[in-house]
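What follows is a single structure, and I will ask about it in a moment.
Letters A, B, C and D name the chains as they come in the text, with residue numbers starting at 1 for each one.
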Amino acid sequence: MDFASDNAAGASRPILEALLAINDEFCPAYGADRHSAAAERALSALFERDVASFLVATGTGANALALGAVTPPWGAVFCHEHAHIIDDECGAPEMFSGGAKLVGIAGAIGKITPAALRDTLARFPRGLVKQVQPATLSLSQATECGTIYSCAEIAELASIAHAAGLSVHMDGARFANSVVALGCTPAEMTWKAGIDALSFGATKNGALACEAAIFFDRQRAADFAYQRKRGGHTLSKGRFLGVQMCAYLKDGHWLDLARHANASAARLEAGLRRVPGVRIPWPRQVNELFVILPKRADAALKAAGARYYDWGARSLSPDKAPRRDEVFVRLIASFATKEADIDRFVAIVAESAFPA
Amino acid sequence: MDFASDNAAGASRPILEALLAINDEFCPAYGADRHSAAAERALSALFERDVASFLVATGTGANALALGAVTPPWGAVFCHEHAHIIDDECGAPEMFSGGAKLVGIAGAIGKITPAALRDTLARFPRGLVKQVQPATLSLSQATECGTIYSCAEIAELASIAHAAGLSVHMDGARFANSVVALGCTPAEMTWKAGIDALSFGATKNGALACEAAIFFDRQRAADFAYQRKRGGHTLSKGRFLGVQMCAYLKDGHWLDLARHANASAARLEAGLRRVPGVRIPWPRQVNELFVILPKRADAALKAAGARYYDWGARSLSPDKAPRRDEVFVRLIASFATKEADIDRFVAIVAESAFPA
Amino acid sequence: MDFASDNAAGASRPILEALLAINDEFCPAYGADRHSAAAERALSALFERDVASFLVATGTGANALALGAVTPPWGAVFCHEHAHIIDDECGAPEMFSGGAKLVGIAGAIGKITPAALRDTLARFPRGLVKQVQPATLSLSQATECGTIYSCAEIAELASIAHAAGLSVHMDGARFANSVVALGCTPAEMTWKAGIDALSFGATKNGALACEAAIFFDRQRAADFAYQRKRGGHTLSKGRFLGVQMCAYLKDGHWLDLARHANASAARLEAGLRRVPGVRIPWPRQVNELFVILPKRADAALKAAGARYYDWGARSLSPDKAPRRDEVFVRLIASFATKEADIDRFVAIVAESAFPA
Amino acid sequence: MDFASDNAAGASRPILEALLAINDEFCPAYGADRHSAAAERALSALFERDVASFLVATGTGANALALGAVTPPWGAVFCHEHAHIIDDECGAPEMFSGGAKLVGIAGAIGKITPAALRDTLARFPRGLVKQVQPATLSLSQATECGTIYSCAEIAELASIAHAAGLSVHMDGARFANSVVALGCTPAEMTWKAGIDALSFGATKNGALACEAAIFFDRQRAADFAYQRKRGGHTLSKGRFLGVQMCAYLKDGHWLDLARHANASAARLEAGLRRVPGVRIPWPRQVNELFVILPKRADAALKAAGARYYDWGARSLSPDKAPRRDEVFVRLIASFATKEADIDRFVAIVAESAFPA
């Protein structure tokens, strides 16, 4: 019963098997191999457009490199105040941008509103020398609250950002889960809505270690190969990344994986909603479920070996704050989540509510 | 016939199988898993000492992070003038140290001599404010010329460096090949000879993507976890690195792989030495062979699909420079090199020398 | 009638005359001269303690260098959300710390409260690798609202910070005005209250261009000479800074200058308080006065050539926000402010309130 | 008898008097004052072209900021192997460029030859991802050996650099002395010869602390105001710099100062050439004279209180190396050098050669 992270699982079988299948090949190093090239073509096909894509092994690497490519050292990156890039990457975006400033924007359930973005931009007038210059808007899709922006919402925020001369970045660590939830195409959720640079995650959704930094206008990526190299993010056996990405995208495998993860979280949600005393502060949208549990249930789950994280109450509006006998937790399902684990989890919560 | 790079091969079977064997486990993310812990224990056992070790996916990452951990932004890193860190990492050491200066030291066949080190240090007196401060000596084992330092040579250079207040780093991208060539222990070639920080490579020698930054005194690594994280080099599925390293070290597998690579290069050397007109400017020591080939042989090899790199003549003393009808090339063998490919390579060279 | 900035004035006569007096001397370059040494001694005498002091020409230089000396690249600097270092230095602290994160803390009239500091620190637990590490508390004395911390308030905040392992920095751009307002000694307002590093400003208070970065424990400044040099902040004719600082401190000149500035602002405050319709949202403490003026008065003043800045209403509590017919402005007096200008300013406001 | 540095002198009287003359003015802060604007106009007039110019207080600041403006973090700056920017600025160019690599080029008497530049560029092919990218050529005018490039030499080097896609920077710490020596115009020695960015020094030649970073194409300076600000190099009392530069340039004052300095060095050279046993390894061109003195003369001079620096013999060709009874020294004259001091210096040397 591991609902701690979508990083807790290993890799999907088809991805592992693809690695095995080509293991005996000799390939040119540092990404000059045919698998890396095939991955780049597959990503262009996926996005229905010629894209510049660069594979790396970590999500923080993809985010920090992508932000560094579109943000000067004296720039400001605007993001949600609880975004992964501002809270969970130990300053990587600052390092890769050469010292840019991340400016957090408050907003309910992890999302930035157009009004809040406009207010923040008004505080950073372009050309005011004493201040960092507005450079980049970064949207997390899905957000740290497991919520997602609709394509229209993305388009509105991107439009405000572009009008102010900013680039727009999407942290797509859970890109697949979001696409599945919205039922849209990758193109619709990105460049058609105004996204300029994307961290396209595969690791959480079934790869071993594979992410792509993607630019929808090649010009923005003119120096990216150097930036990736000096960041130490160019793998010597580049085929390792290329093969993963090809297998991930092949025949919609990535969508199948995400559908399973989202459906697992939905099953968990449905189950828990039926238990009195369990509160769900906002509806689940992807593969993450935020729940306020009775402490009794929490104790019973932990005793049974369930793994998940307590979550900071600051994501909750005050009226929904956990009471003394409650805890606020985050539950994440992945491509590897088993139905039996979900049902057992729900059963333990239900039993703790209605002890025999 | 791929002799271009030891990165051209895939992974060794035991390493791949180890990954498969534990793929269905759920593990804590970001290196808190049992495999990462086992790898750290295995490295301490290997070095006969409690070491602080940090796994990353790339050699440039390991080098730049390790150098950054022991070099302040206003420091100088002394290395051979053709070292990988100065020539082939696109400024990664500068980035991770916050702007330190790499100072190249000239020396035949890739090696720094004690005299050259002393001369260079004399130009960087400690406390002279207008200059960067002497901080780190970095030795490549093996060097870019495929040569190695004996343990006594390492000890002498490290002793000079320590006397001047420097830390000593070893770029061990080909650590295994060097240990095998010297017939010494990992401890003898590192901390017993004065090495403070080590980039311990596994990728070139059979891993998919796995290197370790190792510190023989934990104190030097006090902040390394943050440095790795903000560099984007902490893998979310940390078990991927831990399992590779465990399988690599298990039952001397790493030494078996390196022995094969070195022996392959030795067979290649022996074969080529028998062909008149082929010149070997300095003896092979590990898995790299530098050869001056007749252009006729070069053409025949390339026509047959052989892959290898032309090498810059600046590594050669003028009296050994290639003539007009010669080319200077680098041949690298790996754990995956096949005897048949070696013999075919030699045969093509021999045939081109003695055409039927 | 220039109340725009204390940087609007030139230099005090004694400082200029001191420069003239020694102009014909030949002095060693880069701060090795006798005047720089005398300044260092004078600062130690002033603070009743052996201090490490480093002269630079700008306040941003002093702040960024001092913060960089006590904050690692993966560190967090906690400061008021409107502090000069976070809002007005275009990312200089980020640059000189190698990419640290500045974390703003909300607080009325420019001040951080102990409760707010504790709440913020609780969000940055030491050792949580995914987050930047708590490193430094920076207090502005006086604040951007012209308010000051008492020595007891500084001591309480510094004590909380030290307990959490932080260094404490003071941005003393208006150090002299604050000392005069508190009636305390420089030692009491700094190291006796827990300050570790200080930006000691002289420029706003009568120097041409002279600030000092001061460390109360020499150990913290072990590398500062290199940091200053590589920041380009070591003046070649170092005597220029040394002479300014000596003249500034000689015979209490610096306190006389600040007394004049504070008294000028007090006279302005007293005059404006007597005019109906003028609102002063919080009491003046140093040489800065924040005033809500009727727009009629504002127009009359500007027509008469008065210079001052409109100020962002976000420093005001909502109940004190300017109405439609009002503007919120900042008025700064300096050592050079003339009584006649103050009185004329007040008269114009009064006349606009009671038109003939 | 101070021949240690042109930074040993104070300021020229007209510059000091200009500061005094406007001291009582109130001026807008941070360079928005009328004197800063006048300096910018004066520099455009001087260079017969609309230039973007930015005043700062230090030469290292001007160099590092200018290099940072034209060099990306993954770029290489090519300069003479003994250039001030590589040897004497403690890594400032690395800091302000975000980690670029300075590549030293060997060359006699401080100068880079076209052949050496071409050879070096050949080692840095554009687009080779593993290496830093060729970005900037920096020429010192005058060089560290007190030699100068003719306008034709500059044009040839700049042309090679431009053909390779580099920007060309001039470190003009002794710009005035060079212009006087060449008898050319500032325009001829810079943009007409292909210089893109210039550090225009005034401090060594009579200012207190004043340098300008100048760009001949405004586009290259698009972000310079932010770069200067975040480097802490924007003076709050900007008029201090503006007034110095205006007075420096007014009525050819700067040329008068440099003529005096050059003529003083010429008088010194002429005097010393007449003393047997004194060797001058290359002809003086500006205000710096390099001399091989008998140790007896050196001892007599130092006993008489003369100040100057011993100079590293590595600037000398082996056949001119000092013998055991000789020392190699650098003598610098400035705008403030007195004829009597020169003559006394020569007399002491002569007496030591021909003791009574």
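Keep this in mind: a contact is a pair of C-beta atoms (placed from the backbone, for glycine too) under 8 Å apart; a residue touches a chain by one contact, two chains touch by 3 or more.
Not measured: the values here are computed from a predicted model.
Student: Name the chain pair with more contacting C-beta pairs, choosing from A-C and A-D.
Tutor: The comparison resolves to A-C.
Student: Relative to chain C, which chain has the most distant C-alpha mean position?
Tutor: Farthest from chain C by mean C-alpha position: B.
Student: Just curious, how far off is chain B from chain A if you go by their C-alpha centres, in Å?
Tutor: Result: the chain centres lie 35 Å from each other.
Student: Averaging over Cα atoms per chain, report the distance between chain A and chain C in Å.
Tutor: Distance between chain centres, rounded to whole Å: 42 Å.
Student: Take the average of all CA coordinates in chain A, do the same for chain D, and state the distance between these two points in whole angstrom.
Tutor: Spacing between the chain centres: roughly 52 Å.
Student: Pull out every residue in chain B that's touching 2 or more other chains.
Tutor: Within chain B, residues 30, 73-74, 89-91, 94-95, 98-99, 129-130, 132, 226, 229-230, 234 contact more than one other chain.
Student: Can you check the complex and tell me which residues of chain C touch chain B?
Tutor: So the residues of chain C in touch with chain B come to 30, 72-74, 98-99, 129-130, 132-133, 223, 225-227, 229-230, 234.
Student: Mind listing the chain C positions that touch chain D in their complex?
Tutor: 2, 4-5, 7-11, 13, 16, 19-20, 22-30, 56-65, 89-92, 94-96, 203-204, 208-209, 226, 229-237, 239-240, 307, 336
Student: Which of the residues in chain C come into contact with chain A in the complex?
Tutor: Going through chain C, the ones touching chain A are 73-74, 87-91, 94-95, 98-102, 129-132.
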